[in-house]
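Sharing a structure below in structure tokens format, with a few things to ask.
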Amino acid sequence: MKVTRRYSFSASHRLHSAQLSDEQNREIFGKCNNPFGHGHNYILEVTVRGAVAPDTGIVVNLQSLDQVVRDQVLTRYDHRNLNSDVPAFATVPPTTENLTTEIRNGLRANWPPAFPPLERIRIYETDRNIFEESVS
Amino acid sequence: MKVTRRYSFSASHRLHSAQLSDEQNREIFGKCNNPFGHGHNYILEVTVRGAVAPDTGIVVNLQSLDQVVRDQVLTRYDHRNLNSDVPAFATVPPTTENLTTEIRNGLRANWPPAFPPLERIRIYETDRNIFEESVS
Amino acid sequence: MKVTRRYSFSASHRLHSAQLSDEQNREIFGKCNNPFGHGHNYILEVTVRGAVAPDTGIVVNLQSLDQVVRDQVLTRYDHRNLNSDVPAFATVPPTTENLTTEIRNGLRANWPPAFPPLERIRIYETDRNIFEESVS
Amino acid sequence: MKVTRRYSFSASHRLHSAQLSDEQNREIFGKCNNPFGHGHNYILEVTVRGAVAPDTGIVVNLQSLDQVVRDQVLTRYDHRNLNSDVPAFATVPPTTENLTTEIRNGLRANWPPAFPPLERIRIYETDRNIFEESVS
Amino acid sequence: MKVTRRYSFSASHRLHSAQLSDEQNREIFGKCNNPFGHGHNYILEVTVRGAVAPDTGIVVNLQSLDQVVRDQVLTRYDHRNLNSDVPAFATVPPTTENLTTEIRNGLRANWPPAFPPLERIRIYETDRNIFEESVS
Amino acid sequence: MKVTRRYSFSASHRLHSAQLSDEQNREIFGKCNNPFGHGHNYILEVTVRGAVAPDTGIVVNLQSLDQVVRDQVLTRYDHRNLNSDVPAFATVPPTTENLTTEIRNGLRANWPPAFPPLERIRIYETDRNIFEESVS
């Protein structure tokens, strides 16, 4: 069974790659390259996959999951500027693709051994743009 | 092609396992263990998978699917107390994990032979908690 | 300016009036009168109306508002059975109309004097049923 | 990584199959067979699957994707009558199953070689009816 | 107290006014003037305003309200072509403004005397276009 | 009749008032005062109120309304940093209260004389925080 829990956080970013010229940055990122940045209400879905325990009838304790997500995601990204506040985005552009990978890596590296496996994370940047990465 | 149809029903439950002590129940289920229960507007998604019939252009007749879901799910769970009204939850706690399995089993056991296969069911307990089980 | 903040809570209830016969209860409340009750994910909107303070640029501090709503609403109703856990519903049926009035009265009686006036509360019982009461 | 982008368009259709009798059409399609048709606000999700480019941090340029979807989908279906305005539906009924296949075929046949592969399309006919087809 | 209930129906229309030239129609209505029409999933909100009855705790019986809306709205507009199926739109264009007025008039003229007053109707043509008319 | 149209834009901001000490800023704005800011997907609703024109059946031409909102709102705020990119927020904090007033003032000052009156604007900062101001 797959169990998914949704979280939300608000952050700002500017899409700009140090590996590209200013002109290329403007061409590729358009208004997302505006110099002072912009922001989003991101929605994060974390999915775990496991068996239902016969005595409790649950796959994972959601309070415990919340604690992991709070430590690894919300305290790091919520009400933050991704470019300035998150070390990983000092060198790579804080696209939602890279944010998805960064969150996936952070959760995977700190996943409690007692938990059922992390299956997938999905981030809604806006109602229209959705990014998803499996964990394997 | 996968065709998914959404249904909704309102029910109440109390999470409590007879296999656990009162203290364990409170620790694991938290406020969901409150003695008189609480409730949710559940959303159910039923997904079938099949070929599109050349003459009708459909995979499954949704009126027929509605009839099956009405008989197997809505009349049993809508505006009910899962603990008191559903025999299966006399012995196992009515977590949404177990509810998902129970609904999946009920649909699978009563699935019309003429229907394309039932692929998956998904239940939204709240906007934030989503449970999904494949049928195979 | 009107500022509205949304909250959610999950509760169960059975619609049954001690002033009506069993037959009348079944006729008026239908499946909402089922003996063991059912439940909902309620959404509560609290609206205040006031001027924007020139120094802070805000109408009301939302953290302070959250504290009031937590004390007066969420700790009393969230993950509760309205009939059994809420004294007010020992004598009147816990319809969402009466719940709206009860919450309005509780907020009004405990409204901090420093706050801008409470303007209105609105409750979504489901996506389809919405109840709203002004405060005056 | 999977990247999904949502689009919307409004169209009308009448479900009627030339391969069926009038009575069969009414029986199978019900009110969807009403002679003058009806309509929907369709939501289309287009999913691509690919690697994140190290320099840009993106999987696909969404402005470029928008251009393809505009040419192949929106200019053909938005504010149109599927039966009368879309040649493909002169011979097959414009069910959302067939619409899904038609859009998938149009995107696949005109998919820019430089793009990461088209993975899946999904169409919401209403909030309750969802159709999904993989591309392979 | 205001009680609002939501309904949905799917219909098609073509915006075209017999009082305007073809060129004016195209200029004013744009793609909504396309000759074969298009359609929407309309959402209708019906709001009544009244006192809460002390014995039942309700403002209006929603099953009774549903019956009125079914007779006056859903059977007339759901899965219909507004231009061809609704007599009122033989002479005025079926804009959602006119549809709102038409539904308001139909409800008002057939409003059960025992009901609390009809306060307002609101129609969502799409997620972005909302029309509202008070009843007085 | 009231006609409402929804728009969306993404922007970043930092809540900080030059009239308050750093400690007061942190106390009042909490994490919204984080030094590098954060952001939101704002939703804007613009409501006009007017009579339905008998020949066209509309209250206001939505394409014309879109043009005004594009000029006065979207080009100024979308994908911008409110603190750095919007002159008005050089001196007052870019709370959503002040943003609402700023947008209202901009629309009111540039409202086409031929338009029906602007009635109200509403901004959703997140799904939970909603700000509304009448125009009179």
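The first chain written gets the first letter, and so on, giving A, B, C, D, E and F; residue counts start at 1 in each chain.
By our rule, a residue touches a chain if its C-beta (ideal position, glycine included) is under 8 Å from a C-beta of that chain, and two chains touch if they have at least 3 such contacts.
Keep in mind it's a predicted model, so treat the numbers as computed, not measured.
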| item | value |
| --- | --- |
| Separation of subunit B from subunit E, taking each centre as the mean of its C-alpha atoms, in whole Å | 34 |
| Between subunit C and subunit D, centroid-to-centroid distance (C-alpha), Å | 42 |
| Sequence positions of subunit B contacting 2 or more other chains | 127 |
| Arrangement of touching chains [line / ring / star / complete / other] | other |
| Full enumeration of touching chain pairs | A-B, A-D, A-F, B-C, B-D, C-E, C-F, D-E, E-F |
| List of subunit D residues in touch with subunit A within their complex | 1-7, 45, 52, 54-59, 61-63 |
| Subunit F partner contacts - residues on subunit E that touch it in the complex | 15, 17, 19-20, 28, 30, 92-95, 97-98, 100-101, 127-133 |
| Subunit E - residues contacting subunit D, complex | 8, 10-13, 31-32, 34, 36-41, 78-81, 83-85, 126-127 |
